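Read through the structures below before going on.
Note that subunit A is present in both complexes that follow, paired respectively with subunit B and with subunit C.
Our next item is the complex of A and B:
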């Protein structure tokens, strides 16, 4: 069971906030209050783009205290699998969407003395809700936000006017880079670092912290990447005996959902482990695209995270 | 140290060097120094050079000199008791920056008090590297009067504060740095088994 019930919402507002980035405000279809959430949470948005069914995760960027609406920001990625393109081109004010309940796989550490946020581009969104929450608690935080230019970076002015000197914006078009070593060096014990942005940036930030002797427990990251495309293949479901075709631009999970199979999932980004599924047999190589399974588990090939991973052969049999 | 079914019972994976840390603080007792020597043998000399060792134990002059030589080039601070060692650790943590790695090697009371101090300074307990050496003695809190009994080697043990005979459980509190002791004859008063020397 997915255990994540869907809710119908209406788009109350759409705003172009930067190059290729739109902000969407979603309200309950009957204007009922939405569930409360905590900073760092995301929702999945169900999209019927053409004949395809997708659910993409987006961080909630509004104030966690505000249950009258949810706000998400969507970057129109190129090339897109169709999700962000659908949001940008087909979703207007008044459009109705289905969303999952908020989930938080990226919460700020409650006992931290200080929070250092490192954002790249659209990776700013989870930090907006976190900063709203932490500001109300008078918690100590600083933001280091890298953007291509002021036209490409969303919410720079808003953040600077609201949080003042706690916000540092670095413009790539001016050759400015986040001086992460300097930022991290000499922070007091109990400081936590959080990074969200493109994968190379996350890897760089985690590595920089590690080389400065920051314990793993004090560094946190989140990245929503689309399931990488590949060749079509067949998934055989051992329990029901069904055979389902996974197309080249689809994840196993999406193919199952399109065929009415209720498979477990939470994050849809290969991070949480909820969709871990036992592999009964596979006639070839599994492309593990998650960051949940350990390297030995990946090599063993007995488990697969169906939200992100696929195979490079004709068929795989799963314990579903 | 025997395996326990109680989840809170701490486990001590052993010391491994974090070669990236900018500075190391190690708290140990005499038995723990062997683990520290082994830790140093698994790292380069620069690792020991950026290490401060708080050696909290009562040592003879000869022992002090021998251990100072043994653990060089780390800076060693001798503290006569565990309480003095922990007080010194807390002083160092006041100004320690991120990038400092904390280690503890020795008895469970020593490790427990180091972890407790670390937590008080917002260090995640999982990032403190620990190795148990020496005696199995325990620090126990009487759950009835909340008094602490140090250096417990038997089970049951008499609470030094309220006199209750306590069953020493594997239930452990990281916040209190103590195992929990509960009245052993609550159901049948006077039904007290002979004390066994379980934690020598």
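Our next item is the complex of A and C:
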């Protein structure tokens, strides 16, 4: 059972909402209702960029109650692997795309007494749906949102007008930083913190919470990074005996798909664990780029998440 | 084609029985003569027409009488239906999934009209005509899970998903094979499966949990589970053990065909979209041994399977006292001929 059933959507609206960030509104190709979803969910968007097939995960940022359309925001990453560049340059109003069903790997904790959201840049998107959902439930939450400048930060005005003093925006161009220690120190027991943004920010927030004695269960993070590029290598499939070349800008999963090999996957961001594959042998170092395997598992080198990770050597043999 | 609903009882005089047509659609769970422990999860996709797998929620000739028995259980013991406060969104998810499924799959029996949040539900077999506001629990006579749970066959639990675990935080359980919602509510996946023998050692629950945490919207899965019950009793709960436990001592070679029932559970697992919770449906089917042996393949296979059961499972399923008697009864119908693969009748 690999992957996620796809549905065709049409782009109904494209808006430049900040420097290098565009918002896309997607509707079903026949205008049928889309699935409801829960705050924190993402979808994967399938992109046929020339001869390349890519699927990137994007958080759903619209209201979960709105089944007429889904909204995503895409940052044009520099240097891009191709996905965000394709979305920015080739996808227009009326373009057709394929998307997977919503999947939630970043849900708000339903038993939390309060929710503290810490966002950096494009990391704001999952929190927009979560806040919409929690607001309807009259739940207690606050947002701490770090942006480079008001031109770079999307939705600052919208969020402030909708949620008022629950939204705190910090502008790097004014030297403002999220005062995370103060924010976390002042919270009641039973508060949960969620962080989404660039990797250094996530690491900093998790570390700060840990040092302040926050329990691991109350701290949540999500980061969808594209599979990092590297040098080409060869994947040997033990069961079929095939050998497949993974190019420098491809993930193992993408190379398998390009060659018609059906491998399991879901989130394609190294978070869900679905594409975990047994490593039978590897002649060098595995570069684990996922957030799923534990550190001891990564060190052991017996498993690899093929959506994100690659190797720094010539070949790896997988149980596929 | 409408169903004809039987008027029957699951207690006292036990008038429950399957019609000849219903016997052949029984989800006989044994696909080979040897018992094997497996998670046996498969996609809950539409099965053959007329089979219990045709629709997500199977309604059959026992519907009206089963709902009457559920109402009796809930009246005597309201704790069979419980939902923790954070499960209200999931309750609505469940109500929506079941109402839309039943109205689509059994239009002659159920109708749902939706105008925004104003919903109109008609359940003809039970004589219910209800207008209500979706997501406003005050407009229904019960909370949403109990409201719809009283109108659909099978037990249901709802699992919240948090901390990479599933938590049984709601359920309506009135026809269970000796487990208690009141005891299990609030437990996690490993805790409520604690009593199951053999599977923990095999790592079954770690794998199953990991699979379920990634269960997708619109891609439900199912599996079959089974046990045996003396008399066609739905409510074999720990709370009422004093009423049914001693039934196990009443099985004789003369009455085994009538008294001993194979109890099959078709278990469905559905991702609920608004709440990210998982709905677990436990749709039970009961059939007496004397009805089972009317299908020659099942008459041959069931005694073979029962002989091959590991002792731990015999004890866990509560068959210890009457397994031999049941095997002796069934063996009269096993001529030793080979059986075809799969569970269905030939």
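One rule holds for everything that comes next: the second predicted complex is superposed on the first by the 319 of 320 C-alpha atoms of A that agree within 3 Å, B and C clash if a C-alpha of one lies under 4 Å from a C-alpha of the other, contacts with A are read in each partner's own complex, and residues count from 1 in each chain.
What we mean here is this: a residue touches a chain if its C-beta (ideal position, glycine included) is under 8 Å from a C-beta of that chain, and two chains touch if they have at least 3 such contacts.
Keep in mind the model is a prediction, meaning the values are calculated, not measured.
With both structures placed on the common chain, the touch criterion links A:111 to subunit B and to subunit C.
By the touch criterion defined above, A:185 reaches subunit B but does not reach subunit C.
In the superposition on chain A, contact of A:217 is made with both subunit B and subunit C.
In the superposition on chain A, A:265 makes contact with neither subunit B nor subunit C.
Once chain A of one complex is fitted onto chain A of the other, the partner contacts of A:103 are limited to subunit C, with no touch recorded for subunit B. Once the two complexes are laid over each other on the shared chain, residue contacts for A:155 go to neither subunit B nor subunit C. With both structures placed on the common chain, the touch criterion links A:194 to neither subunit B nor subunit C. In the superposition on chain A, no contact is made by A:86 with either subunit B or subunit C. Once the two complexes are overlaid on chain A, the subunit A residues touched by subunit B in the first and by subunit C in the second are 111, 217. Taken together, the subunit B residues at the contact with subunit A in this complex read 18, 20-23, 93, 96-101, 121-124, 126-127.
Contact residues of subunit A toward subunit B in the complex are 111-113, 184-191, 210-218.
Only residues 43, 86, 89, 93, 160-163, 210, 214, 216-219, 273-276 of subunit C touch subunit A when the two sit together in their complex.
Residues 1, 4-5, 35-38, 40-41, 64, 101-104, 107, 109-111, 137, 217, 266, 272-274 of subunit A are the ones touching subunit C in the complex.
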